[in-house]
Amino acid sequence: MAIRLQEGPFDLGQEISIMTAARKDVGAVASFIGIAREDNPDEGAEPVIAMTLEHYPGMTERQLMAIETEARGRWPLIDCLIVHRFGRFEPGDPIVLVVTLSSHRQAAFDSCNFLMDYLKTQAPFWKREETVSGERWVNARLSDNDAAERWEGQH
Amino acid sequence: MAIRLQEGPFDLGQEISIMTAARKDVGAVASFIGIAREDNPDEGAEPVIAMTLEHYPGMTERQLMAIETEARGRWPLIDCLIVHRFGRFEPGDPIVLVVTLSSHRQAAFDSCNFLMDYLKTQAPFWKREETVSGERWVNARLSDNDAAERWEGQH
Amino acid sequence: MKILYFAWVRQKIGLAEEIATPPTSVNTAGELIDWLVCLSPGHAEAFANRGTIRIAINQIFAEPEDSIVGVTEIAFFPPVTGG
Amino acid sequence: MKILYFAWVRQKIGLAEEIATPPTSVNTAGELIDWLVCLSPGHAEAFANRGTIRIAINQIFAEPEDSIVGVTEIAFFPPVTGG
């Protein structure tokens, strides 16, 4: 079980190799990578040149650990990993990685999906986008709240 | 969009690098690896020494392509990949890989989950396990049918 | 007509595939099974519990009542257990 | 008490953090905002629409009515937009 905050890139293949090394009980590895995109869902046509992710050091680690603990309480996980980058990114740059290991596939899928949904609403990150018109802070999306809330009744 | 049947191993990191190279529209990469396990859910305590996956050449490719087409019709996918190995595996060996790319995370998660559920019931593979007592064909699981059927009403 | 067998169906029959020419009265996959079980004790054993047998006609999942007239490839196998 | 600001709250106030000693009549996070808006036009602008402000007390999400008595760290920021 691990969480990491870092500026530099991550290597999914290497992370999975480390997590599964010498194990014979892992039947399922679910993973997710979130990548910076050029198209701007909120603002119409103007493409994103770059984005900067600011976070709250200390609280971020605390929240990621709390989210991970919640996932381990809900599903029988063998291991899980959250890596979240901060700093400046261009479209195509990977920003966040979640990996979950379980004996069974549905636990791996659901916990990975849950971790991403909770990350979006519970981890103190803020996104600032650069376009040709200038910079702006990205507004929170109601759809992210909806995505996180669908797990509430399922504990 | 690609399906591959092969005896040799796959490299998830490399596959994702190829699929995302030079793209700026991919926001989400969901992936799943199914791994051979030592513990035997059907038979109690006797550990699995190795397993052999037999398949139906020709029909397997046809079914994997049909499953992939179904997923692309249901979700806005930028790309997807199914790699399924056949032959003899020991616990810890990766057997199946599914990767889905979309602009948005829920489409990537759901399509990846769907592809795995359909694979389990629609692709003509048969698993034979070796234990200290000998070899036996693995029975199909009702839970796999249930997992596939939950997508039926959602088209 | 090419007939393919997989997994324990293949093992019980002792063949991975065979070319068969059933009589013209055999029109469906189920009737083909009725005819196959008479070919050898292995065939009879493989099809002893028909509920567990899955059928593919020309590489597409099929049912016992489906027609095999003009079909070039039919396969019999247990429920699939992939992934 | 250390007060932290993030994202556009930080930009409007012009500070990432400040040490403040509010009067003893300030007992809740909401009352702290009432007091902060009088410190500068930047503070006033940052807190102009309070519904959009999120609060963390000692690094845990909190509400305006929550007590800040004895608290060492409080943060104000917009709704999060991570991942």
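Some points to look at:
Every chain is named by a letter (A, B, C and D) in the order it is written, and numbering of its residues begins at 1.
By our rule, contacts are C-beta pairs under 8 Å (C-beta built on N, C-alpha and C of every residue); 3 or more make two chains touch, one makes a residue touch a chain.
As the structure is a computational prediction, the values presented were derived from the model and not from experiment.
Within the contact network of the assembly, the step distance from subunit A to subunit D comes to 1. One simple way to say how far apart two chains are is to compare their mean CA positions; for subunit C and subunit D this gives 73 Å. Note: centroid distance subunit A to subunit C, computed from Cα atoms, is 49 Å.
Annotation: 26 Å between the Cα-based centres of subunit B and subunit C. In subunit D, the residues that touch at least two other chains are 83.
Touching two or more other chains at once are residues 34, 105, 116 of subunit B.
Pairwise chain contacts in this structure: A-B, A-D, B-C. Those residues of subunit C whose C-beta lies close enough to touch subunit B in the complex are 4, 6-8, 56, 59-61, 75, 77-83.
Those residues of subunit B lying in contact with subunit A across their complex are 11-14, 16, 20, 22-39, 91-92, 103, 105-106, 108-109, 112-113, 116, 147. Only residues 34, 53-56, 58-59, 62, 84, 95-96, 116, 119-128, 137-141 of subunit B touch subunit C when the two sit together in their complex.
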